[in-house]
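The two complexes that follow have subunit A in common; it is paired with subunit B in the first and with subunit C in the second.
Up next, the complex of A and B:
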């Protein structure tokens, strides 16, 4: 029993640490919920700030935020943009990853290095140049229509290096024998990709889809510059506008933020295992 | 069905010569075993037949067709991998069906495919497992799925790379028999790679012994066992291995009968060797030594009981020798000096410099 004591001590230590970290991570989330449920002026004029919602609790905050904030259309725009980006990124990443992992072509190494180099560029670096390009082709303008706005929101993100390298790593984990067996069975490159490589690396590809979804949906900087009319606001833009337009209705802004975060939250809850597995893929082995 | 021939085939990986000037004819419907120690180039030879590895020099033919530049998919061969290489996400049924689906030649209709999967599964007793994934099978079952996948396309040639090495000893023995039965039933050409001489001896129509990428000897198992072409083959084939000792052929008329003089005694020669070499290496299989003889003298180091027989391990000069003894004979004591009798007719002589067999 005595020998168990240090181990138990260590376990307790870990729990304390993890609990503290969870608290730090979750506290802002809780505060957002608490503020969403409190009357705006009550929050502003409270003498001592509280971590609990102030009464009277505003149960209707969410429905009001949705209608008054006009979140319906931005949600649709965001949904469509996210869908296009995720689908395109997944397709291009799988294709390029396959080429990098299994095919031989001239300048392969250089192409890969260039590709990896783009990982080092934050979006801010290319922002101005990209906006200018899109302005020149007419996708970014105050009179942009639906198609142009969707184009401007998605075009720069149809292919992205991170996914290529993540999925390539997954492909490289496929045993060589399996590839050889597939070659003898008669699979073409495309057949092998479709029937073997993708199904076998599904966990990795699945995680990439999730990660791509999160980053596409949560974009703010790029939409901020590429959408020139409120009509095609994404959810994140709508949130900002809603906050600016209703400084007195503080809680509705918080409620809208929670609505906007809902799709992400659901996705994370449903796929959390997959996400963690994908993020650690390639770390083991 | 088809023959396979290597015509002065060499394979290099950079500076490594994996297969060195290999010339070998595998006859139609033959069970050819490529036997050799790890790293000797067996797998590389097999992969060249499969088309998974290019040929650096020489010509490779399947049947009459030169296949050096023929794509793996178009060679009409099946291969069973050491790792089985089953598709983990597919059921057993899909795995077996895979070569019929993936082919870029005329793909059989669904009903025909199902019938052939069924047939292959029946041959290998896999019918109850068709809807399982490979991960839910035992090692032996996986191995049979790999075999079923190989036979379903009815190829000209089957290639197998150490297919039994991941099975436990008992299953290996049983599967050896099943493989030979499969070979008889399919009437196909089998080319089978192994480092295990027992597998080679028990299954092969002919064995090709390879060392360092070079072919050492080809022949039926018994012929290779009875007349090993060189010291390598002599030492590699046979378990326990052949006992060896350096000696001199004694030709002086005064010395009496013709014999090989060694550090532990003299071995009589029934007929003069067809060489005028003086120094030789003498080899004697454990079953050709008789305890209680008077030709050689050795010290008993250990006695290994195997039930049906006994291995007596002896110190013979600098070497360890093994004497095979029937279980009912009296066992020598450990530490005892014993005499050994040698039947000169079963003696093997090798040239110590070239390592080749003498006569």
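Up next, the complex of A and C:
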């Protein structure tokens, strides 16, 4: 009984601290919501900045981001590009990981090193050369059509080394007994891959899918220079459209930022465990 | 028999690897080769006007020139602003949220939530705080976008916030691997909270902190949207990081400089990965 009071006091102290930290972390989000709800001119000409929305409050900012801000189209482009990248990366990574984990073939070491070395060549380093190449083959140009834009946005990301090695690690964790049993049952290599290896490593593959989604949907630099007309803007690029020079639509930009973050936020809430496993892969054994 | 099986396995292996190898060849190794080529040849301003060999001397001129060195220094400052603060805040949040309390999951979800925010989104989010016309904190001098001394700091702050979710998640996962008996034993040995943290916890989670440092440095080198959306490179080019400068050098006549600077950026990334590894390797305690 006597020890209960200080323990409860400590718990309350932790709650206070945790709540204060939560407020600090969430404060920028609150400010964005407040500015999305504020009339643009009121925001622009407010004498003293306020943490509250300026009146008249504009509840329709989020719908106007679609009707006036044209956010629907970039969302579709982002959705399609993300879908293609995630599907392709998962397929290519599973295949390559299988070869590295279970098959013996000439030059295996060299091929593995060449794959791993691409981790040192992020798209930012090779940016101007890659843009140059895609310009020469006609995928990047001011007159790029739908197919060309989607191609330019996805082609460099159809395969990626991180996924290969993450999934290979998962494959290597499959017990040898399971492999031997499958072999005795007459499974071919592809049969083993499809019926045993992939189902058994589903958690790892699932984590990778989430990570791939996150990085494909959130990327900015590559789309910024591979899309030359705002017709094919991704959501992230569309955020540039809302500037300070147009007070009428100032708040739409902040609404758009919230909308752009929503799909990932939903994923984070639904698949929290898997996503965290993916994010911490490599950091914690 | 065995030989045929071997050949079939080779064929299958390369068939499975082919898509990845094609992508890496076209979008990683070809551009690396082209960067070297572009850096050694000055392209003509006329379309299809050919190119002129300028050699390694020209590459050296770029890499020892003001444009590259300034960009590098600004990038390093960006790292100084984002990496240590990112790690420290991640540790702070994780230490606070790593405990048995009712409803702790809610706090953990809140702390990890900035994972959902992209660089572009968090840049727009921070406009509400630091923009020189509408930002809540526009009159705070050390965050002012009007001054070359503080603009980069304001842009860096948005990155620190954006990375909070990731740093928190990684440090928390590491803390959860620290055995409680060890902390209790340290407690019984008379270690206070501070000493327990630095002598027991930090050594055990140092591999995760090491990983985090690398990730944050890599992110720092790739910073672009923060600069474009928050500062536009200004004032007086004071926030033009290396990558930001490189992206401005895509015209034919600029390619030689742009490619040389890209190779410089590649070298820096490489160097930092190497130095960091060497330096931290000694201090990092790898458990079995």
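Simple rule for what comes next: the second predicted complex is superposed on the first by the 230 of 285 C-alpha atoms of A that agree within 3 Å, B and C clash if a C-alpha of one lies under 4 Å from a C-alpha of the other, contacts with A are read in each partner's own complex, and residues count from 1 in each chain.
Criterion: contacts are C-beta pairs under 8 Å (C-beta built on N, C-alpha and C of every residue); 3 or more make two chains touch, one makes a residue touch a chain.
As the structure is a prediction and not an experimental result, all values here were calculated from the model.
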{"item": "Broader residue contact with subunit A after superposition on the shared chain, subunit B or subunit C", "value": "C"}
{"item": "Which superposed partner A:191 touches (first subunit B, second subunit C, both, neither)", "value": "first"}
{"item": "Which of subunit B and subunit C A:172 touches, first, second, both or neither", "value": "neither"}
{"item": "Contacts of A:181 with subunit B and subunit C, given as first, second, both or neither", "value": "first"}
{"item": "Which of subunit B and subunit C A:199 touches, first, second, both or neither", "value": "first"}
{"item": "Touching partner for A:80 - first (subunit B), second (subunit C), both, neither", "value": "neither"}
{"item": "Subunit B versus subunit C as contact partner of A:42, first or second or both or neither", "value": "neither"}
{"item": "Touched partner set for A:253, first subunit B, second subunit C, both or neither", "value": "second"}
{"item": "On subunit A, positions contacted by subunit B and by subunit C", "value": "none"}
{"item": "In the complex with subunit A, residue positions of subunit B that touch it", "value": "47, 50-52, 72-73, 77-79, 81-85, 87-90, 98-99, 101-105, 149"}
{"item": "Of subunit A, residues touching subunit B in the complex", "value": "175, 177-178, 180-188, 191, 195-196, 199-200, 202"}
{"item": "Touching residues on subunit C, where the partner in the complex is subunit A", "value": "6, 9-10, 12-14, 16-17, 19-24, 26-32, 34-35, 38, 92-93, 96-97, 99, 101, 104, 107, 109-129, 131, 133-138, 161, 164, 166, 169-170, 173-174, 177, 207-208, 211-212, 218, 221-222, 224-225, 228-229, 243, 246-247, 249-250, 255, 258-259, 262, 265-266, 269-270, 273"}
{"item": "Of all residues in subunit A, those that touch subunit C in their complex", "value": "11, 14-15, 17-19, 21-22, 25-26, 28-29, 31-32, 34-35, 43-44, 46, 49-51, 88, 91-93, 95-96, 98-99, 103-106, 108, 111, 114-115, 118, 120-133, 155-156, 158-159, 161, 164, 189-190, 214, 217-221, 224-225, 236-237, 239-240, 244, 250, 253-254, 256-257, 260-261, 264-265, 267-269, 272, 275-276, 279-280, 282-285"}
